[in-house]
Amino acid sequence: MNASVKPPQSPAETSLVESFEALRVSGVAAVQEEAFARFLNKGLPSRRIEAWHYTDLRTQLKRAPLPARVEAAAEAADGAALVFLDGALVGEPQAPQGVSIERATAGRRLAAPVIDEDDASIALARAFSRETITIRVEANAHCALRFVFQNSETAATSAAHVIVSVEAGASLTLIESLDSAAGAGHLAQALIEFDVGEQSKVNYIRINSLDAAASAVSTLGVDLAARAQFDTLSLTTGAALSRHQIFVRFAGEHAKASICGATLVRGRQHADTTIIINHAAAHGESREVYKTIVDDEATGVFQGRINVAPGAQKTDARMASNAMLLAEGASMYNKPELEIFADDVQCAHGATCGELDDDLLFYIMARGLPRREAEAMLLEAFVAPAFDGVEDEDMRETLMERVRGWLAQRK
Amino acid sequence: MLKIDNLHARVDDKEIIKGLSLSVKAGEVAAIMGPNGSGKSTLSYVVAGRAGYEVTDGSISLDGESLLDMEANERAAKGLFLAFQYPLEIPGVTTMTFLKAAMNAQRKQRGEAEMSTPDFIKTVRTAADKLGIKQDFLRRPLNVGFSGGEKKRMEVLQMMLLQPRLAILDETDSGLDIDALRIVAEGVNALRSPDRGFLVITHYQRLLDYIKPDSVHVLSSGRIVKSGGPELAHELERNGYRDYVADAA
Amino acid sequence: MPAVQETVDRVKSVDVDAYKYGFVTDIESEKAPKGLNEDIVRYISDRKSEPAWMTQWRLDAYQRWLTMTEPKWARVDYPPIDFQDLYYYSAPKSMSGPQSLDEVDPEILKTYDKLGIPLREREALLGIPSSRVAVDAVFDSVSVATTFKAELAKSGVIFCPISEALQSHPDLVRQYLGTVVPVTDNFYATLNSAVFSDGSFVYIPPGVRCPMELSTYFRINERNTGQFERTLIIADKGSYVSYLEGCTAPMRDENQLHAAVVELIALDDAEIKYSTVQNWYPGDSDGKGGIYNFVTKRGDCRGARSKISWTQVETGSAITWKYPSCILRGDDSRGEFYSIAISNGKQQVDSGTKMLHLGKNTSSRIISKGISAGRSNNTYRGQVFAHRKAQNARNFTNCDSLLIGQQCGAHTIPYIESRNASAVFEHEATTSKISEDQLFYCMQRGLSGEEATALIVNGFVRDVLQQLPMEFAVEAQKLIAVSLEGSVG
């Protein structure tokens, strides 16, 4: 079908062309041009692309706003926080001990291919990334960083590209937040790549509380060396349309990854989490626990694929996706996949989808709780296991507090 | 009957059995006692012919026939039985099905006729009754969801049905309460006969109160470091293995 | 259970090349010219003396097919098929249409004898009463014999070749044909609609419990011939039928195409149980030859409280592309899919099911056991869908894969789509191997490596075997052992 006629540009694609034109005015690098050409060649992913079957950007993304104007000055960031305003790193952040932060024009890549460069959304993110921020955590250093992604009152198409290189024996705790001004129809893109060195450890927490007018398309790529450990958790309550895709490659033996998350959506939100775990080396261990609550007419999507390459023996991979639908108009699409080419492995996935247990609700209400409170109690218990891996109790409490806040806003 | 001479064996390139010699005569119950890590379970696996347990020197023979070139199932057909320390679960295969498959496989290898189904069922039921195994256990998948004690009883049931020449009991007492231990021991004792040998591997003297051994051997660091009569077991119970561990080192 | 022993015996007795149905029947056949065009479609229709509407139906399908492309989404890989290099119709020359058993060519009777399929009712009657099975035997493109027709007719059951049904019950065929698998459904189903030659037709009248198992036995004999059979089963209100299907083909070096369509319709309170033991020639261990099995099977639980249950044991074919599905349209209807798919050598399997919950209180259950050995690839692909109006839909899915050896692949691709909050879907899948510990344990008790493997695999697939009618279960169990031949060691 390679000779097939390309469909006409969708309104979103047309606006992306205009948006990129605007970006050109202030100058773009050759790699950005090249990435944009690759994007144009494919167009926005539609449901005809298997990986995007449940999230059709071509029709669901209405239009992309113009990029924000480059602003020279900005306020200094506090402590070890990197503040990105409309995708651009603000000021010169102070690097903590053992960390270096380097800004360069766009175009750097991880040494090993981890993410799917054929994916048009990734080409688009590269095209809109003006620079690549490279963060290096020195061998055996232990440190904490924050990423603060803010989006201003004027809707903009933006992208940030960050490479985090954690050297052998180091550890990093990274907390990322995403917010946007109310009512602004941003298209916020991010491409964050991790190179996790031998015996190093990363703990990465991501909280997406974008305004319900914004759209977010983000990719996380993780390359794990031997005995490395990568734990990530994302809590998504924001954005009208969001797609968060995670690629993890087990390049070295005895590496571990835990990828967990909770997605809470309502109204007409559409939230997609897509995870691809590539076990390319032996003795790897991966765990995914995702909880999705879908209210009103919202849509939840969870796609998770575990690939085990020939030779990746003794892989132990488990994935669970549980969804709770709270209203008649809600939809959930679950696609947990296993693709196994090694025989001495333990792989499993489970997926459930359902509504709150009537008997339990009745039991709690019979003890005097009003329905909404009883429901909230059960839903909190439903989400909690996704946060089990968060060691920092204050952090876990912060996350649960956000979940409670979301539940309290139910109509 | 069982003769092990200067046996050296290794697992994953690590030598565990280092020049072990031992013999068990027909009608004899020999006990092997030893501290954790002395090579007790390794010895049972090597004799039974488990893949990955490599014999680098020495010999093992049963009734004068070398076992070393035989597959595990061929050894079983020669009359070697290993009661596992941790019996395996086989989902979807009922105990009855498994017993019949095993019994007939051995008979066939020995050129004997298969047992008729009614005879087989009768034999199994009688043996199960003796061991206090409820009939419905026989219809359940082998060992799936069984308690530790139930699994051990199932091992003895298999031994009763397969009527081995030489039975190795690998830590059969582990995980058993006192009542289960008595039932299991009675089952073993009922099988004692002038033409059958037993090799009872245990960490504790306790089991030997129920299954009286003719000889006791102390295994330490992959070798027999002392042999004696039943009194040796009592001595070990009083003094522990400290002396022998030191000896070997 | 003596069957295990038989399994074990079979493993021992079978040689390296385990396919025992690979012989060729030497018989003269009448073939349509090679290739496909409107004339061929008319030729087939003409050979069957079909009514004009049927000829037109086929021609419409053919025109539609010309505009379609082969599906490419399945996880199977094969060179392009030259659809003009196939014979679309082949019938034993001695056959001019369905006839009495005494007239059937003795060579064909011998073939079915060799395959263990009793076509002589007298012989079948000698067996234990429960094993009485009515058989429709399809040889290449035509049905050569249907047994027990008279006895079935007493209870009003119609069981005959579909070509015959087009003559004797054209209205019934016209009312239901293509209503479950539309002419435009997919490339292979559309091709089948244009060129299908024969297959079985079953109609169970209201309230009737079919007095015996019905079965069709498919045999591809002729070289370079596609088999395109079409089966249509209608269970009227409150009726019940259990239907079995078996398939074999000679060993040939070239690939042969089998593109069948099966449509099941269950009206109010009716139940259809459809079991398949598919043992088409899988090709040799290097992947040469074998059947391309591209099949569309779908059941429509059209009536309230109706039930359709698919059970399949897939051991044959070079490539299997098959998703027996249920449309749960009637309120309180139920769909089931039980599958064992074994691949060895260079076989490729992409199989699974669709459970489409449309009515209220519908339920479905999927149990899939995939076993990959050799250099094969085995994919489970399934969809569970709850429509916005499918209040209280329920699904339970369990997909387990077992890998034997390091060169094979096992894949699980489920699509779980809920658009109704009251729907409850549960899905679980695992992939594992036969543990060394289990193998050693069995061998210590006297079983050989292959016997131990067969025993453990039979345990692994037990939940599905239990769904098969007794005779088929025994057959299937033997087949499993034979299919895994050479996979150990």
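We call the chains A, B and C, going by the order they appear; numbering starts again at 1 in every chain.
Heads up, the rule we're going with is that contacts are C-beta pairs under 8 Å (C-beta built on N, C-alpha and C of every residue); 3 or more make two chains touch, one makes a residue touch a chain.
All of these numbers come straight from a predicted model, not from anything done at the bench.
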Exercise for the section: Would you identify the chain whose Cα-based centre sits farthest away from the centre of chain A? Expected result: B
Fill in the blank from the handout: One chain's C-alpha mean falls closest to the whole-protein C-alpha mean, and that chain is C
Practice task
Round to the nearest whole Å and give the separation of the Cα centres of chain A and chain C.
Solution key: 43
Fill in the blank from the handout: For the pair chain A and chain B, the C-alpha centroid-to-centroid distance in angstrom is 55
Handout entry: Centre-of-Cα separation between chain C and chain B, whole angstrom
Key = 48
Handout entry: Sites on chain A at which at least two other chains make contact
Key = none
Handout entry: chain C residues within the chain A interface of the complex
Key = 69, 72-73, 388, 401, 403-433
Problem - Touching residues on chain B, where the partner in the complex is chain C - result: 48-52, 71-73, 75-77, 81-82, 84, 87-88, 90-94, 96-98, 100-106, 109, 114, 117, 141, 158, 162
Completion exercise
The residues of chain A that touch chain C in their complex are 1, 50, 53, 310-311, 323, 325-355
Fill in the blank from the handout: Listed in rising order, the residues of chain C that touch chain B in the complex are 1-2, 4-5, 8, 435-438, 440-449, 451-452, 455-456, 458-463
